[in-house]
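Below: the structure, in structure tokens.
Chain nomenclature is as follows: A, B, C, D, E and F, assigned in order of appearance, with residue numbering initiated at 1 for each chain independently.
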Amino acid sequence: MYELGVVHSNIRRADSDLAARLGAFGAATVHEAMGRMGLMKPYMRPVYAGAQASGTAVTVLMHPGDNWMLHVVAEQIRPGDIVVAAVTAECTDGYFGDLLATSFKARGAQGLVIDAGVRDVSLLTAMKFPVWSKAISAKGTVKTTLGSVNIPVVCAGALVTPGDVIVADDDGVVVVPATLAQKTLDAAAAREANEAEKRAKLAAGALGLDMYNMREPLQKAGLKYID
Amino acid sequence: MYELGVVHSNIRRADSDLAARLGAFGAATVHEAMGRMGLMKPYMRPVYAGAQASGTAVTVLMHPGDNWMLHVVAEQIRPGDIVVAAVTAECTDGYFGDLLATSFKARGAQGLVIDAGVRDVSLLTAMKFPVWSKAISAKGTVKTTLGSVNIPVVCAGALVTPGDVIVADDDGVVVVPATLAQKTLDAAAAREANEAEKRAKLAAGALGLDMYNMREPLQKAGLKYID
Amino acid sequence: MYELGVVHSNIRRADSDLAARLGAFGAATVHEAMGRMGLMKPYMRPVYAGAQASGTAVTVLMHPGDNWMLHVVAEQIRPGDIVVAAVTAECTDGYFGDLLATSFKARGAQGLVIDAGVRDVSLLTAMKFPVWSKAISAKGTVKTTLGSVNIPVVCAGALVTPGDVIVADDDGVVVVPATLAQKTLDAAAAREANEAEKRAKLAAGALGLDMYNMREPLQKAGLKYID
Amino acid sequence: MYELGVVHSNIRRADSDLAARLGAFGAATVHEAMGRMGLMKPYMRPVYAGAQASGTAVTVLMHPGDNWMLHVVAEQIRPGDIVVAAVTAECTDGYFGDLLATSFKARGAQGLVIDAGVRDVSLLTAMKFPVWSKAISAKGTVKTTLGSVNIPVVCAGALVTPGDVIVADDDGVVVVPATLAQKTLDAAAAREANEAEKRAKLAAGALGLDMYNMREPLQKAGLKYID
Amino acid sequence: MYELGVVHSNIRRADSDLAARLGAFGAATVHEAMGRMGLMKPYMRPVYAGAQASGTAVTVLMHPGDNWMLHVVAEQIRPGDIVVAAVTAECTDGYFGDLLATSFKARGAQGLVIDAGVRDVSLLTAMKFPVWSKAISAKGTVKTTLGSVNIPVVCAGALVTPGDVIVADDDGVVVVPATLAQKTLDAAAAREANEAEKRAKLAAGALGLDMYNMREPLQKAGLKYID
Amino acid sequence: MYELGVVHSNIRRADSDLAARLGAFGAATVHEAMGRMGLMKPYMRPVYAGAQASGTAVTVLMHPGDNWMLHVVAEQIRPGDIVVAAVTAECTDGYFGDLLATSFKARGAQGLVIDAGVRDVSLLTAMKFPVWSKAISAKGTVKTTLGSVNIPVVCAGALVTPGDVIVADDDGVVVVPATLAQKTLDAAAAREANEAEKRAKLAAGALGLDMYNMREPLQKAGLKYID
């Protein structure tokens, strides 16, 4: 970390198939499967409802009000990547708009996660290029200062190492370290195994109290019913 | 208040028909009809645009990061109820998702109002199960600590007594004490009585200044026109 | 400024055609064309996605919790205007709803920009009357205190002089002083001139690094690639 | 609740001696003794460091920007009371300054807890009149609208019934229902019983791990030490 | 407004004696005397308790993260001035520290009001150089981009024209237009005229209810006492 | 990262002498010397004015509302360490009070940096045990869930690796990676070398414009003076 002015052009990405399969489970399930770790702060919101993406992280660190490095990271994108952009201080400026989105998409990016602002959100929505950001702002940026590409960054409170799996949807953004991707996938699959069955029972009026055998532990914990 | 570990299974609900009719007026009108009382803080937002619900409150109090009592409250839901969930401290965790929504819906719940976070919002939207919350977060919760069901709670700054009428829509969430439901309904009806007529006049270009006879009081208050 | 209780009924508006043409460029481009000045704070958000408006500003200053002057400003609206409403202190109350929207629309208003709350957002959405606000709240207001109409106001951090051009969309709200409208339009047009061409190149996989000749300045700034 | 325009001049206060003794334990200990209930939101801060107060609550409900009822509540203050002021919507105006503080103090008030703003904080500090508020603001208020005195109010997220015990210090503000005051005092006393002893041991270098016998439960929970 | 890259070296300042006398009344009284206008947002706080200043405004507009113009404004300071610094977008960076404070002080500045962050607050406190800011941050800034000096700026929601009187203390920051300074001073003096007398009465136990003859209007408004 | 339930008892600490010497420069200078990296978010504030500390980081990761691991980390403290505490989700609970402070101090801790709340702030102030936190809250925590000790954590937006140097004061909290400590110290020393001389010149009325030779670059950038 803390290297400024460097671009790592050769990173080890998590398996792209793993990334896609983790994505299918969604952020909430993957976050549970991780032991409730790796979630970005809930202020990170998709710019349009229903946005959904997963992929391997290419990272970029920028200074406030300066988006120069987004052009540098564009060249490092490979199909299946998600760009994760961090800023060295709080900033809500609009770092990213439809031209960069066009470029990122052409390079195969699955989306952008940025701890700052973006703009052209109507066009991003029309293009269906999914973006998670902390703000929306028409305010543009300059191209003056170097940052770095593909170094570990802290984005919205989560550490992201280049190549990690990112799973993002309406519920938020989760980071799965490459080394934990398979294990997390297995845990997610186990979690979901009989969810359809549970949903059917609950839809038929069954209670979680019975389905999960909670009555006894609740009673032991001292729960009293008053009529 | 302040009873922990109790479930009141027998509460007096406001008349369900009153609740439905209040709901038809919407939160803004009902809030006016209450004398501008009983509104939850405006940080409470629906998880999808156009959400709308009214019903009688069943309440639940939980500790931060622990949603155990949501399973307990599920059993207390009767058709026409809305669940109102409070937490003893600030928390944005995702207490509620699609499985609990399936269960609540099967029990006849009209919606959920929760002073914390929820998740699976794409599914909640697809199910059209209306939820008002303070946050959206993939972060799950544990099931360890007792809270209470159907005690008076403070939710997003408003006191909710079990059985109160809840009216919620895109404009926010209003609490109508059961004893004031009829009176509030009458006041709301009176307020709306000639609204269609007013709307037609305004649409035709009439000014509120004339329609509400404001020119004289404005002049008396000292308003000066400068050409 | 600071005149209370006055209505200026005769203001010099920017050319309405200029306003419309600036609107076509959108808030982000216009803000760039202004030299990145004149943007309201990013907490100003449209009440529905896709809202878009431009026009000449009629301004109104009100006290917290009091919307009386919105009826006064209604009379001053001419077709092509946008109402810009400021409040003398922080307030999230719902100053504006569907009746006032009906009136404003009938008078020819293109939209409302208000540094406070609004309500009836479902109806505003259905009417397609675009509103940018800081909050949504069912809480109504009284009609007791005088403010002023068509004086310079500070709205969401930006100075608005009556007659200025307002450009608002999903990216935010920009204020263009009447005297700078033509110059800003020219700058916006120049900015956009070859954007379609750029977009096509980027869509074909070209990199901004090459298109904007950034490789040399990046190298000079010291950027190092590590394989 | 929800009565507007009423003053209850005859309320049942908790025992004043209990209030004083609870105050001596401080907000943190009392909050623990209550089972971690009854705490106001942490945005409530004293206007000067080291502020400390306890007493019986006289309550007042006001509208935003209107402090008329503070003069009404002044008459209801008895020695040993703390005034708890709630507002029907978010407001940061300065409702209270040195003149009202002089009056409250003369009536025997121990302090003020207000879910809004105050001003004259230099004078309040010099007078050593303790105030907990959500904001500091020079902005004054009007005296136009009725609220109520000595009805149950929700202040900073906590329900306060007239006569409840309030304990406030640098750590926050806790509400103890009159009926729970004795029980809470006992629990607080038990909690503090051997604290001096514990402090001495810890100061001598003992570890909580040993003093509280945590090593075994930690090991059972699966904690692993890696050298 | 909106001129970038200009320094107005010749501005008309309000009378310095008026500024000093307004300062003696404090922000709360001056704000009342202005008709409750001209107050900066309450997020502007002094960096140390008890800070107090008044003077004539020299203004500076800067871009986020760039404090170059603070050196330019230093030269424009005359004894009795207060520097008012605005930024074109939200920024919490530390624009100002002890070296600039030393320079400003040497030039005769009475203080700094900045809608951004500052640093070296321990030294500022030791120097007793009063500063009101929106944040405290160790994060420094660059010196790259031009802004302007002595143009009208919007600072923390208030319009400041060069030469206006600024009154700042623990209660906040108020802007008095130069043309209103004398009138505001008179109003403030009238307001304070018999305040000492009132304070003495209240200290002796008199009630505002009687002193301000509120009992009758309260009764007319419908206030009911319940025993 | 992401190991739960582990304690690394053997970490490589930065040189303690380096930590002390970096501390003497203060957070603002060290942050500059780092190239403006490594600063925690500015919401981290000392619990008392004038707090100052530096040391080597021992880290702890906890779940919301659970401070069990603070007892575990206490045993890992060596003289000269600073405890850096992160939480897996937003939480303002009071994790730390005077008993733990007594213990930490006895173990030789220089202070605590915690991305959550603390309590007993009057006692912490009296003890002069420096703490930087995001909130102050009387709300206590449970001791139920495992976290980890001495793993890399993200605290208030900054990555902290065990053994890093922490420099904290009124201006904020900076993290210096152990490997960069010497280099940062050299840069800080160079920065401060002639600061006393500069301060003296500025105090004598010299302008930064001249002292830093800014007049020419400002002119080149296009700055115009208007008389």
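As a convention for this text, contacts are C-beta pairs under 8 Å (C-beta built on N, C-alpha and C of every residue); 3 or more make two chains touch, one makes a residue touch a chain.
In this text the structure is predicted, and so the values were computed from the model without any measurement.
Give me the chains shared as neighbours by chain C and chain F.
Under the touch definition, chain C and chain F have A, B, D, E as mutual neighbours.
Hey, what angle do you get rotating chain B onto chain D on C-alpha, to the nearest 5 degrees?
180
More C-beta contacts across A-B or across B-F?
A-B
Quick one: report the Å distance separating chain E from chain F, using the average Cα coordinate of each chain.
31
Counting in whole Å, what is the centre-to-centre distance of chain A and chain F, each centre being its mean C-alpha position?
28
At least two other chains touched by the same residue of chain F: list those residues.
Residue numbers touching two or more other chains: 36, 39, 42, 63, 89-90, 92, 137, 139, 145.
Throw together a list of every chain pair that touches.
Going through each pair of chains, those in contact are A-B, A-C, A-E, A-F, B-C, B-D, B-F, C-D, C-E, D-E, D-F, E-F.
Hey, which residues of chain A end up touching chain C in the complex?
5-10, 48, 68, 71-72, 74-75, 92, 94, 97-100, 102-103, 105-107, 117, 119-122, 125, 135-140, 143, 145-146
Applying the document's contact rule, which stretches of chain B touch chain C when the two form their complex?
Residues 26-28, 30-32, 36, 39, 42, 45, 49-50, 52, 169-172, 174, 195, 198-199, 202-209, 212, 214, 218, 221-227.
So in the complex, which bits of chain B are touching chain F?
By the definition above, chain B touches chain F via 63-65, 89-93, 137, 139, 142, 144-145.
Considering the complex alone, what residue numbers of chain C touch chain E?
Going through chain C, the ones touching chain E are 1-2, 4, 34-39, 41-42, 63, 88-90, 152, 154, 157-159, 177, 180.
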